[in-house]
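The same chain A turns up in both complexes below, where it pairs with chain B and then with chain C.
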Partner chain A sequence: MNVYALLAQLLELVIALILAPILNGWVNQCRAWLQNRSAPPLLQTYYTLSKLLHKDVLLAHNASSLFRTAPYIIFSCMALAAAIVPTLSTDLIFSPAADAIALVGLFALTRVFIALAGMDVGTSFGSLGSRREMLIGFLAEPALLMVFFTASLISQSTSLSTIVETLAHSEFVIYPSLAFAGVAFTMVSLAENARVPIDNPTTHLELTMIHEAMVLEYSGRHLALIEWAANLKLFAYSCLGIALFFPFGIPETADPTALALAGVILILKLLAGGFMLALIETVSAKMRIFRAPEFLGTAFLLAVLAMLVHLLLETGQ
Partner chain B sequence: MQFLNQAIEFKPLAEHAALTFAARVSTRELLAFCTAAHQAERRLIALWGSDERDRDAKFGYALHLAFDLAEGLVCLTLPLPTENPEFPDLALAFPAADRMQRTVRDLLGAAPQDGDQRPWLRHANWPADHYPLRRDTPDTRFATCNENYPFVRVEGDGVHEVAVGPIHAGIIEPGHFRFSVMGESVLRLEERLGWKHKGIERRFVGMALSDGARLAGRVSGDSTVAYAWAYSQAAEAISGTPPPPRALWLRALLLEHERVANHLGDLGYLGNDVALAFGLTQFMRLKEDWTRLNARLFGHRLLMDRIVPGGIAVDLDAQGAQAVIDHCHTLANEVRQLKKIYDEHAGLQDRFLSTGRITPQLAKRLGMIGLAGRASAQAWDLRCNHPCEPYDQLAPKMVIERNGDVAARALVRFAEISESLHLIHKIASDLPPGPIRSEFFSAADRRGFGWIEGWRGDVLVALETGTDGQIRRCHCHDPSWQNWPALEHAAIDNIVPDFPLINKSFNLSYAGQDL
Partner chain C sequence: MRQALLIDWVLITALGWLLIGVIGVSFPRNFRLISRVLFPLGALCALLLALLALFGVGASPQVRILPLGLPDLPFHLRLDALSAFFLFLLGATAAGISIYAAGYFRKGEGTAPGLQCLLYHIFLTSMAFVMLADDGYSFMVAWESMALSSFLLVTSEHRHAEIRRAGYLYLLVAHIGAVGILLSFGVMAGSAGDYTFDAMRNFSVAGFWPTIAFLLALFGFGAKAGLLPLHIWLPEAHPAAPSPVSAMMSGVMLKTAIYGLLRVSFDLLHAQLWWWGILLLLLGLVTALFGVIFSTVQSDMKRLLAYSSIENIGLIFVGFGLTLIFKSFLLPSLAALALTATLYHCLNHAFFKSLLFLCTGSVLHATRERNLGKLGGLIHRMPWVTWLALIGVLASAGLPPFNGFVSEWLLLQSFLFTSGLPQGYLNMLLPVVAGAVALIAALAGFAMVKFFGIVFLGQPREEKLAQARDAGRLERLGLLWLAVGCVLLGLLPNVVIALLDPVTRLLVGSGLRYTATSHGWWLLAPISEDRASYSPAIFLVSIALFMPLVYWVVRRFYHGRLQRVPAWDCGFPLQTSRMQDTAEGFGQPIRRIFSPFFKRTREHPSPFDTHPRYRSLVEDPFWYWLYLPIARIVEQGTRLIAFLQQGRIAIYLLYSFVTLLTLLVLTRG
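And now, the complex of A and B:
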């Protein structure tokens, strides 16, 4: 372990924490533009977070300690997840410790806590949201794992750093399997991040909510942490997408010039990715909740196809 | 005059825009008439009560019912005894009567003999023996209380309740909805409304006849033109002075303006409820341009207080009429493009089609009216069935859909926008010349009815003056009374997250029926 790796790791975490709300603001801006609305400021998410941090926390009388600690757990998990995904460099101190499967586990852990917190106070909306979240989650996770397995088969490793190194820095090969995996990953990301067409992050109709229904009872700094964690999740997924499917420009070393260049490239990719997300959200309507299994089933199928394509077409090399 | 082969002698009321008849009946005659009307598939428009103890010591209360017969509007009055005023339960023949009967009991103390005895407008916020519509009831303040309303419980394995409202996550009108659900599937929905009760009917009492239009125009803000026109019709019938033709044509112009504005907004929100925010912003832009046109030409975005008893408050010059016609063309084009987008959007159609379905049979049984009724093949539109001037010359086309789902209600809105724009064009090009107001004065001890097809359905205003010529009783009836119970049926067998969409496709008034 060298000092640059430690530095890169810290830098990556800090960048994730800073950029995640901005990415959310950027997506909201693009959505507004695509809908012919005047857009909120890029830093709007920060203003909201700071407003929430200044507010008092209102707790339900019967809220347990789980309800109070869940926001911190959720936030930490998401920060860790964002730190695991190689964005600026593949030379990270966390990379030998946590691979793709650990990452899926982290997401699952978050989901469990947020769902438990949703049910903790005992309101009907919390339970409604938790139930729906688990429905989405148990369908999305296998599809996500399959996507990772496809990438792992290519690079013969489940370590994210190795995957990125293989894809970005070995000789240039076109992998048809990654095209299938990419579509599957996009679908899973939409579902996991509570975006249209699975969920609607801007809705005020409590009966239709999934993610929002679980966090309806949260306020003040708890809500701020949960919102921030949601932004981090979107950021982590975006970076995962970049790392798996557009890894070009992520350096193997962690010297300052390479990091700076990688940072610029990362921001450009995120801008493009955020715009694509806003575009998908603008042109699609939210589907009926019972269409979600079909949607995620399709994602799973595509991910499996990606593996098959890899085994059929790409193993002969 | 007699109707439906009943031996009830109806008296035609003079000076009414639509043919109107009234009669006093006995309980036996009322029941026979209701049965005959039910069999002949006539509609119950409204049911309300009044305190008549100052006129008749023995029969101190009266129950009034308004029916829509093919011949016109028919009002039956059933005198009720001062001691223990009771009337027969009519909800079996006309399910929509149920909540109206409960309201009569809450406000006046005259109760249905059997059937649903739960309170409707009274939420334990005033004592059960305090009847606001009795003339001797003083103005009193009571402490706010929480009621324990006996909702119908659905029992069974895995059945649970989801309660929503009256305070919602968004800024919308208050209504409480109690879902009995199994997983995501709705087994039963029960509504608890009345949160916006503000005593409008009591407020009317003693107002000058000419002032009431302002209050009537505020019963339901999105239907202010329909209410103000219906009120003015009733007041002009009392006064015996019909407004000049130009005023009537301009009123129709305003009414169609209101219809277009509301339909545009609803179509936008229907898109928004399936997360197609693009639809919302586009339709809201069109609606905003439309209301700005209202403000520019008529001086009020929502057209409040433009219609006054005796005529209309603002005239439209030739330049203004041309602006209206030009705007109609632009709007028609834009709506056509948006309709194409809605029609061809697979995700949106998947949510709309077969959601919240009310079959024509059920709609007929429930007595649905207005826009939601027409989406379920209930061919009732006052502008076509009982056209007053100028609709008798404009001959509007009635829009009918048969599917009764969210998609059908959206289609009715699209078609009605295009028909209304067509009518607006015709009105603006053929406006008769002449004055816009005629003299208007009150008359003592007279009754008048106003009946107008608002954008939601038919609005009825029943007005009565006292010996001093001031308002003695004014009842405003919103079409939502008929359609709220239908919404309970529309939700059954749908999934919980589809309910907001179904609710929006009806878009019923809370304020208009809580009064």
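And now, the complex of A and C:
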């Protein structure tokens, strides 16, 4: 463990916390442009967060201590997740602490807490949202793990740092399996981040909402933390996508020049990724909730296919 | 007098349980003695046993012969690493359950407390003897006393017809299984007729006989473990039993079956065939998937947990099968990894499932209600039980940093690094199976959110729930012990792996101790740090540090103002607690997605009903596919035989005469 690794880790955490709301703002801006609307400012998410933080918390009479603790737990878990994904450097002090499977576990932990919080007040919407969130969760989680397994089989490791190092720094090889895995990963990310076609982050229409239904009872600082955590989740997934499928430019060391360069490349990639997300959201329509198993089942099959392609075509040599 | 060995102390502890039981039954009405002295003493014995077993894991095998039982047929006992590990599991779990039971059994419920105490402690002793037995005879005696004592415990509230029925079913399956085990021992003993395990180890059965022995053992132990399709007794017996007994059965007794099958396949049989592993792997996978899907649609909280036990047993068998595959292909280090995952999961499941069953016991006492649809909002009335149950729920859902995650992580790791197998198809199959395991783990999360959310969160669905009282002091102590176990097993994986090292060395000839623990106590890296690593301590510490920091920042720079208001009613002011999601509602997506799995009957109300009733019944299809046809065949068979029974003494005398004559003719020839 060296000082640079520690600094890189802290820097990555801070950058994640700062960039996550901006990424969300950027996606909203792109979407507005694509839909011929006038766009909100890039920092709109910050304004919303700050407004929420200033407001009083309105807590339902029936809300328990679990309901009040959950936003802090969710926010901390997501910050940890964003810190684990190697974005600026693969030489991080947290990288041995969690591999790809543990990261999926961390996402699952967050999901369970937010679902439990949704059930806590005991309104019909809360538990409806929790049920749907858990449904999406158990469909998406195996597909996500299969994507990770494909990458792990290629690099013979489930450690994210090693995966990135293998994919980015060994001699240039094209892996057909990663193409399938990439599509599967995109589908899973859309579902996990409550995006169209599975969920709509802007809706408050009772019958269709999932994430929003769960957090309906939250207000004030609690809601701010949950929204920020959702932004962090989107950021973490974007960085995961970058790390797995476009890892070029993530340095192995953590010296300042490499970090600065990596930061610039990361921002460029995120801008492109955010635009792609807005494009997908614009050209697709929201599905009925019971089409979600088909959608995520397809993602799972694609991920399995990726793994089989790897085992059939890429291991022989 | 020889020096007292470790095994003697283990024996004394196990017999101490028996003594406690006998004292209990001698004073059957002295409630204070039983609940305040005897059960806590039993817990102390359990702690002692766990401690002794901890030393026993590292020690060399020890043998004792007890001159009990039939003449010329003494009890052979042996303590090696495998039995010591399972004795540790028994002791550590029983310590929590016994102390809980001290507070749980109340006056005037079911059987007299003295009898309850005797049966409970016989149950414990017989489980200890199952793990110590070193010959077929004493093993079967211990196995049967375990089955009988647990049967009597299950039926302790025998006034209810359904409980009697559940008990009968349990007894039936247990005995069918016991026949399988007995026959398996018979095959392994061969023609020599020596039923000590030592003789079986030295006697190598030839040809296809090992396979027959293995399959018979699989049938026998699978019936006890709840492997598909022999699982049907589990969801009936667990809800029927008093909660400490359900906890003991699910947490520990199911593991005796795992112990038995491990003993047979790795210790008593010499070589393992790779397709045994495939068979176990697929059986385990189907069992786990079936169990978890059924657990998500249950409305009875103990049935939900019983199905979840089936799921966990399935996962254990998946790991077991993987171990067999690796062992048969002579890959000892991978076999050690898979076996470590298997045994680790046994230990984890013992802790978190006992914890959850005991929590349902407290809920049951406080509310007299097992139906999820009539519970809710208990977090306000029973905070202790709720928060401790939360730990069990998170562990059971396989979430970091709790213990369930570690074993699932190890299991997935052992799936991923299989590309060295000489069978091409297996290389393809195994990573896909890993995907199925991931699905099972995710579904377990769904089931656990349903369980916890509906029982403890939301608004009380019935008025009487407002009078619910939290668990008593002894019950809390028991729950706390198990919950702390869940956390520690999750945080200190390397300690557990070091404990498991002698066991894996004994069974598959390799261990993980040196590779896994070379990075310090806080980092788990079973193969190498580059390949995979996980550090639960960093997880917990960073979340635990980050949370107060965020809290402080929010309070420091903003404010802590808070108003209590009614919940948002969406403009519909007549919200009642009955409008919350029900257990059936929560399981609805699963019923819909996995509809081919279920046998479902539904009654819909018509629009003109004045008292509309909606009923939805989800049943286990195995009853209709398998058990009822078999029952019909058996019944027809007995009817055919029944004509022998004429009810006239002359006919029976004729039967005896004919039999005698035939035997005489046979012996002459």
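By our rule, the second predicted complex is superposed on the first by the 317 of 317 C-alpha atoms of A that agree within 3 Å, B and C clash if a C-alpha of one lies under 4 Å from a C-alpha of the other, contacts with A are read in each partner's own complex, and residues count from 1 in each chain.
We take it that contacts are C-beta pairs under 8 Å (C-beta built on N, C-alpha and C of every residue); 3 or more make two chains touch, one makes a residue touch a chain.
None of these values were measured; they are calculated from a predicted model.
*Asks:* For A:96 in the superposed arrangement: first (chain B), second (chain C), both or neither?
*Replies:* A:96: touches chain C, not chain B.
*Asks:* Going by the contact rule set out at the top, does A:206 touch chain B (first), chain C (second), both, or neither?
*Replies:* Both partners, chain B and chain C.
*Asks:* Check whether A:124 is in contact with chain B, with chain C, with both or with neither, and answer first, second, both or neither.
*Replies:* Touch partners of A:124: chain B and chain C.
*Asks:* According to the stated criteria, A:216 is in contact with first (chain B), second (chain C), both, or neither; which is it?
*Replies:* The answer is both, since A:216 touches chain B and chain C.
*Asks:* If we overlay the two complexes on their shared chain A, which of chain B and chain C does A:72 touch? Say first, second, both or neither.
*Replies:* Only chain C; A:72 stays clear of chain B.
*Asks:* Report for A:112: first if it touches chain B alone, second if chain C alone, otherwise both or neither.
*Replies:* In the superposition, A:112 touches chain C alone.
*Asks:* State whether chain B or chain C is in contact with more residues of chain A in the superposed arrangement.
*Replies:* Touching more residues of chain A than the other partner does is C.
*Asks:* After lining up the shared chain so the two structures overlap, which partner does A:58 touch, if you call chain B first and chain C second: first, second, both or neither?
*Replies:* Once the two structures are laid over each other on A, A:58 reaches chain C alone.
*Asks:* Could you tell me if A:290 is touching chain B, chain C, both of them or neither one (first, second, both, neither)?
*Replies:* In the superposed model, A:290 contacts both chain B and chain C.
*Asks:* Report, in rising order, the residues of chain A that make contact with chain B in one complex and with chain C in the other.
*Replies:* Dual-contact residues (chain A): 124-125, 128, 206, 216, 290.
*Asks:* Note which residues of chain B are touching chain A in the complex, please.
*Replies:* Residues in contact with chain A: 160-164, 168-171, 184, 271, 273-278, 280-282, 285, 345, 347-348, 350-351, 495-500.
*Asks:* Which part of chain A faces chain C closely enough to touch in the complex?
*Replies:* Chain A residues touching chain C: 53-54, 56-62, 64-66, 72-73, 75-77, 79-80, 83, 94, 96-99, 101-102, 105-106, 108-109, 111-112, 115-116, 119-125, 127-128, 130-132, 134-135, 137-139, 141-142, 145-146, 149, 152-153, 156-159, 162, 206, 216-217, 220-221, 225, 290, 293, 300, 303-304, 307-308, 311-312, 315.
*Asks:* Spell out the residues on chain C that touch chain A in their complex, using ranges where they run on.
*Replies:* Residue positions touching the partner: 376-377, 379-380, 383, 386, 390, 394, 397-400, 405, 409, 412-413, 416-417, 419, 427-428, 431-432, 434-436, 438-439, 441-443, 445-446, 448-450, 452-454, 457-459, 519, 523, 525, 529-535, 538-539, 542-543, 546-547, 550-551, 554, 557-559, 561-570, 575, 577, 579-581, 585-586, 588-590, 592-593.
*Asks:* So in the complex, which bits of chain A are touching chain B?
*Replies:* 31, 34-37, 124-125, 128, 196-197, 200, 202-209, 212, 216, 281-291
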